[in-house]
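The first chain written gets the first letter, and so on, giving A, B, C and D; residue counts start at 1 in each chain.
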Amino acid sequence: MANICTLTEAIGEFLHDGDTVAMEGFTHLIPHAAAHEMIRQKRRDLTLVRMTPDLIYDQLIGMGCAKRLVFSWGGNPGVGSLHRFRDAVEKGWPHPLEIEEHSHAALANAYVAGASGLPFAVLRGYAGSDLPKHNPRIKFINCPFTGEQLAAVPSLRPDVAVIHAQKADRKGNVLIWGIVGVQKEAVLASKRAIVTVEEVVDSLDADPNACVLPHWVISAVAVVPKGAHPSYAHGYYDRDNRFYTAWDAISRERDSFTAWMERHVLATMDWEAYRKLLSETGGTA
Amino acid sequence: MADYTTSEMMTVAAARMLGNGTVCFVGIGLPSTAANLARLTHAPESVLIYESGPIGTKPNVLPLSIGDGELATTADTVVSTPEIFRYWLQGGRIDVGFLGGAQIDRYANLNTTVIGPYDKPKVRLPGAGGAPEIAAMAGEVLIIMNQNTRAFVDKLDFVTTAGHLDGGDARKRAGLPGKGPTAVITDLCIMRPDAETRELVVTDLHPGVTADQVREKTGWDVRFANDVVETMVPTPNELTVLRALLKRTAEAHGSAS
Amino acid sequence: MANICTLTEAIGEFLHDGDTVAMEGFTHLIPHAAAHEMIRQKRRDLTLVRMTPDLIYDQLIGMGCAKRLVFSWGGNPGVGSLHRFRDAVEKGWPHPLEIEEHSHAALANAYVAGASGLPFAVLRGYAGSDLPKHNPRIKFINCPFTGEQLAAVPSLRPDVAVIHAQKADRKGNVLIWGIVGVQKEAVLASKRAIVTVEEVVDSLDADPNACVLPHWVISAVAVVPKGAHPSYAHGYYDRDNRFYTAWDAISRERDSFTAWMERHVLATMDWEAYRKLLSETGGTA
Amino acid sequence: MADYTTSEMMTVAAARMLGNGTVCFVGIGLPSTAANLARLTHAPESVLIYESGPIGTKPNVLPLSIGDGELATTADTVVSTPEIFRYWLQGGRIDVGFLGGAQIDRYANLNTTVIGPYDKPKVRLPGAGGAPEIAAMAGEVLIIMNQNTRAFVDKLDFVTTAGHLDGGDARKRAGLPGKGPTAVITDLCIMRPDAETRELVVTDLHPGVTADQVREKTGWDVRFANDVVETMVPTPNELTVLRALLKRTAEAHGSAS
């Protein structure tokens, strides 16, 4: 049975300095509350894996939690650049960030391979691209039957997956629906899994073929309402597009970023306090 | 005379490229606007697929992100992201990949990775996303981009996504299954690859645009077809539908909490 | 849009002599009506692919439709042997049957690879088994990153997939639920797909993440109520376990098998006539 | 004294092997009966998975086929068959694989393929199904089989599924991840692999069964542990639950149309 506990306890117990961490959610259900808690608990030297680093990793990178980033598209969706990501890559602030860069198809396949207990993934990918020249973890192999050349990437086997989901039942079985992204694969590829949920219910009332993660593959479930904000939770709340736009200004300069994070994350006790502060200050500022 | 913007002309011209019933893998931003305009005008049976998982989506307002809830709610079905890339794109089920890009060269190769050296970039761009495999696997590729010399460059610092590589049959030799880019639609013109060399050639100029204007905004010595035609101006219906779509979108996203 | 037509038309137009055919359904939703129609139309030289040949291929094999069989478990589930399959393999009746034999894991992976447009599948499989000694289409490869040895099998790329589903809408979008088996992969791995359904409805009313096959990957949809019998259709009718038991006696001898097939399949015009005859003769005899 | 059958003893003895909370990949037939008996008695939190796709299934009646609707209706979730083999079995999520077999040898290798030569079989058996990879990947494997000299043979005509191969560390050398068979439960006894040689050794005799009876029903010169114990007789509760389960099952399947 999954451990149903607070987010503070979940991060404290199951996510450690130096871990390889996959926090997934494809614009939907991004586990922002969990990232804040990692920042509060001052996790360091993390290898962060995520197809789209997005605001969630911009914050972790800017706050010095990350040593290495594995990713495939690093922008602020619909807005522009991730300034903290760029500052780390271009200028090494707050410290240099190693990057391992892939395409979406390759990372999606690498998660599938990880979930499948395989050491590598095979895909029709990267032909003609310069990415393999700069990433030694992209190789090419030949089909043993046809001789065709195909790309290969190592599977992802993170120490911890962190995701946000709509709901869990009292045993810790978790239901995700809508844009399900790569979360099931991220959880099953990882040694441990932390799930934040909008609510815990008596029964999931899920379709037989819905995306349900059984409790016994999950280390901890924490109830964190609105825990995906500014991302969204289908059926609960919409994407806060204004926050994504506001983030561009907040994060553009080191000082404004640091001041915002100190006030909103480090100086708040938990996600509830942060959300309260945010509502008092007009949502973003 | 021109009661439409260059941006509207670009979107309308791009939308017209999508045949009805086409299965289209849609990138976010300009491609998404154009693909949905097509769906709302001449191509109601086109099937739009986004890399986040929705198949056959019919959003009433444009998504701001690649995974907006609107895409899921209005889709025929929503699958996982690995399934999209594995069964649907790599499985060869996509007719048209519709992409944007930060930089393009004369062979329609795209750079969305870095300006400057990879290990010491002047500008770190977002990266590949789905583009390399979309451009590899889709039956053909349409590219929509605003035209200027920072974007249309003589030489890419980094080839993120293969178009026609260095031309001729280079694409085939590299083992890329799809036909590659068949048109680049900009705010000034439409370019298409030469049948032999695969170098982009201006085939259509938007109304009022001169060849010199295109030359000024292109970072290489751009070629023109012998029989350059003028793009048909946007029809009243195209403009009405596009503007209503953008208005609905602004209202929906502005009011999001 | 998928062609909504009769089963006779669907088999006539999309399934030809010499085709490689995958008829899937994992004890649930087995497309028996379609197999009868193939027998009526006297298809020959088929390569039949199916994880569990089951009664459906026992009938096709015994009626001489098959040249080759690709499979991983050939029994009458819960009852015993498939006598026509055994007779073909052991004694070459009605003619010799080539077999390509795998494990379930390998065939499931081969369908996935086919659906994914890859020429081969990689799995942790077959270690210590004698199967690779007798099947040259099982090879071993090494991971380009770790050097580990893994099994490889060619992907399945059938000419036609044939499945039965609960329902389709008027465009031909198809919904499957319950035990979904390997049907989505079989359809997406194949060049063409024929789907029989219990009913056509105005709207599928499916969960967003339900197993839906869009109309544009399907060649033909035919409405065939009870078209999976003696298999079952979840939400419509149960598995006819008595028929599976009765099949043991019907199929044990060549004469009784042939007589039964002639009377029930060849002498009936279609599935509806067959079902009528079956009900008149007490369900099996 | 014995108000139970040898078959009931076998099922009860096998059921007891499943610890509570165990994630068990269940084969159809005898393993399915034993696993469900465990779930309905001492192991209510055990998680039963069938290769057709149900995860955490709690059938009220035993399935006749591996994909009965009852398995789907009572499951925590139902996934596709490829997902079961890829993410759940090969992904290393299974504690115990519970298998039957047609033939077994002294190293608990299984034959379910052919009697006689492969290309000219005397008897064509059903084949591998999921067994080779279940036995390879599960943390450990339990095997339940009726004991007789046709089934317990000196030499297999065909190794479908690797147990301990030719003993010792052969399994590890072949790259098989799981521990392999840890017990074979029959209608006469329980055998377990010797710690060194991995040859099956009789460790438990069911009440009233003699060593000679086991020898008679085994096709090799079977070894016995120094301290063979007697299997505990079925408890009244075990028998009540098992018989009720089988009764419900017979009623449900007999009345199926």
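Here is the rule we use: a residue touches a chain if its C-beta (ideal position, glycine included) is under 8 Å from a C-beta of that chain, and two chains touch if they have at least 3 such contacts.
In this text the structure is predicted, and so the values were computed from the model without any measurement.
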Contact-richer chain pair (by C-beta pairs counted) among C-D and B-C: C-D
Label of the chain whose CA centroid is most distant from the centroid of chain B: D
Chain C and chain D: spacing of chain centres that average the CA atoms, whole Å: 28
Distance from chain D to chain B - Cα centre to Cα centre, in angstrom: 57
Intercentroid distance (Cα basis), chain C paired with chain A, Å: 40
Where chain C touches two or more other chains, by residue: 112, 117-118, 123-124, 148, 178, 180, 184-185, 208-211
In chain D, residues with contacts to at least two other chains: 72, 78-79, 86, 90, 137
Chain-to-chain touches, reported pairwise for every pair that qualifies: A-B, A-C, A-D, B-C, C-D
Complex contact set, residues of chain A against chain B: 26-28, 51-52, 71-75, 77-78, 81-82, 85-86, 89-90, 101-105, 108-109, 111-112, 123-131, 134, 148-149, 178-182, 184-185, 211, 232, 234, 237-242, 244, 283
Chain A - residues contacting chain D, complex: 1, 112, 115-118, 173, 184-185, 188, 206, 208-210, 212, 214, 216-217
Residues of chain B defined as touching chain A within the complex: 28-29, 51-54, 64-69, 71-72, 78-82, 84-86, 89-90, 109, 113, 118-119, 121-124, 126-133, 136-137, 158-162, 165, 170-171, 174-177, 253-254, 256-257
Interface residues, chain A side, partner chain C - complex: 117-120, 122-124, 137, 139, 141, 143-146, 148, 150, 152, 154, 177-178, 180, 207-211
Residues of chain B that touch chain C when the two form their complex: 21, 23, 45, 47, 55-56, 72-73, 75-79, 86-87, 90-93, 137
